[in-house]
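Please go over the structures that come below.
Two complexes are shown next, each including chain A; its partner changes from chain B in the first to chain C in the second.
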Partner chain A sequence: MSSLRPGNVGIVIVSHSPKIAEGAADMVRQMVGDAVPLAWTGGDVDGGLGTNVAGILAAIETAWSPAGVAILVDLGGAETNSEMAVEMLPEDRRARVLVCNAPVVEGAVIAATESSGGSSLAAVKRSAEEFYA
Partner chain B sequence: MHDTNAHRATQIFAPLTASAVLVNPVGLHARPSVKLTQCAKGFTAKIEIALAADGPWTDAKSPVKVMRVKAPQGATLHFRISGPDGEAALTAMLALVHDGFGEA
Partner chain C sequence: MSLDRVARERLVRALARSVIEHADELTSLDQAIGDGDHGLNMKRGFEAVLAALPGLADKLLPEMLKAIGMTLVMKVGGASGPLVGTFFMELGKALPEQPSRADLVAATEKAIDAVKARGRSEAGQKTLLDVLVPVHAVLAGGGDAKAIATEAAQAADRTTPMQAIRGRASFLGERSIGHMDPGSRSVSLLIGAAVETLEFEVNT
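For the complex of A and B:
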């Protein structure tokens, strides 16, 4: 996208359901715009409900930004697989990817809004997590 | 010393205030909240909103806090802005509200 600013924090959406992940990404694009690197992943490797580490790694790569990447997850496995994916990243990238403790849809929109204003990864995570504050 | 500097800062950038009526049908729901926050983040000035002239004031750069205001259509949105680019910020924020956040 021409308006993409590589300096903004990337957003990755991880859900057990590819439909939820894609739908949440659609909401981010429509509400926040194209100024934020964004990727989604959902489903297990057989196409069923679940998450998989390879898919999460690919999404992190797609949404990669020098400013870092914030990951929004839904339930249990999405979080543990995301943490596993972060562990598998090259060492210099590991510290620049954070899993947010926030609702996946609302958190993604809020995180992207924060990112679109040029905020840091820590600020993006903090803002998304305000939903549970 | 510190207090003197703080005082001087407020002298230079006395808060600007203004208000505008929300004209878009759904008020300050999710999408307008995002637009308002994005607009506010474009300025260095401190920007706050409230539903009454005497507050309580909400940080306009926080998307979660702005959504929690839940301002309905017809509500008067008050702005309190202070900073070096305060006037430009106030103009932009008022234009956004008058324009119904592009959806009126």
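For the complex of A and C:
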């Protein structure tokens, strides 16, 4: 589910559907290989469609990078749960994790591509969000 | 208001029961304008809260509310988990161990502000805030238990003709009109259960 490449911004993919999250992660890998830390999570705590804070926290941990982590989400609950997870992080990490307002699949691929070039967290987020601009 | 251990356990059980017993109704409301998981999600969350008893009721009121909130955040999923969970957590943070009515008014206002921030929402958008905000006004205005419970039920009803601006139902645009907001219904059930239990405590 991940590989560690400290230095580049990590990418976390959060979808209500584990299949979508995993599939988006596969597409990211195809684009950028192992150049960025990557993790995905999807599904509620019982394995149904939904998102859960514990899964998101674990994914952030897996994709952690000193450069920060960009989270790509699909629908409302994924965003709300991701923001909740960010607030529950240790204080020194909180400011280095951003939830992007971008489509989950396209945003993840663009964000990872930007990250693989060594861009900052702000630049990674901006690139992903250009989809909605 | 002083809630002893027995009263705290009674409160937790009443809150949980109110949601769990209406899980099917909440789900059918959510099937109409959302993704149909609200009843199941809330039931899962409050079953986890029940599972934390009796230890949960050993905690003093503020700590108990925070623990309920954290359990809901971790177990409910959907947007409701963080929203309802945040309400309980912030209420716990703001309330003293033996709150006066004024403490309750101040603490619920803080908790409602936290829910607004979490959901980036305001009353009028067909969300749980459309129950929380008017009920808070009745509480702040000195309304008794019956007035609070009545307002909670009526406020949930008033979400029916609203058009959703936030949440999954907002995808439906005008088609969200004519259905009660499931989150509002949940919160009205919780408030009804809380008021009934607390009134029982006050009167005995």
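Rule of thumb we're sticking to: the second predicted complex is superposed on the first by the 128 of 133 C-alpha atoms of A that agree within 3 Å, B and C clash if a C-alpha of one lies under 4 Å from a C-alpha of the other, contacts with A are read in each partner's own complex, and residues count from 1 in each chain.
The rule is simple: a residue touches a chain if its C-beta (ideal position, glycine included) is under 8 Å from a C-beta of that chain, and two chains touch if they have at least 3 such contacts.
Because the structure is predicted, anything quoted here is derived from the model rather than measured.
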item	value
Clash-or-fit label for the pair chain B, chain C on chain A	fit
Touched partner set for A:E130, first chain B, second chain C, both or neither	first
Superposed model, angle subtended at chain A by chain C and chain B (C-alpha, nearest 10 degrees)	140
Contacts of A:T41 with chain B and chain C, given as first, second, both or neither	neither
Larger contact residue set on chain A - chain B or chain C	C
Partner chain(s) touched by A:M84 [first = chain B, second = chain C, both, neither]	second
Partner chain in contact with A:S65 - chain B first, chain C second, else both or neither	neither
Chain B versus chain C as contact partner of A:V109, first or second or both or neither	first
Partner chain in contact with A:G118 - chain B first, chain C second, else both or neither	first
Which superposed partner A:S15 touches (first chain B, second chain C, both, neither)	neither
Chain B versus chain C as contact partner of A:G76, first or second or both or neither	second
Partner chain in contact with A:V32 - chain B first, chain C second, else both or neither	first
Lowest C-alpha to C-alpha distance for chain C against chain B (Å)	26
Shared contact residues on chain A - chain B and chain C	none
Interfacial residue positions of chain C with respect to chain A in the complex	35, 37, 40-41, 44, 73-75, 77-83, 85-86, 118-119, 166-168
Complex interface listing, chain B residues touching chain A	30-31, 34, 37-38, 41-42, 61-65
Touching residues (chain side chain A, partner chain B) in the complex	31-33, 109-110, 113-114, 116-119, 127, 130-131
Contacting residues of chain A [partner chain C, same complex]	16, 44-46, 48-54, 75-77, 79-81, 83-84
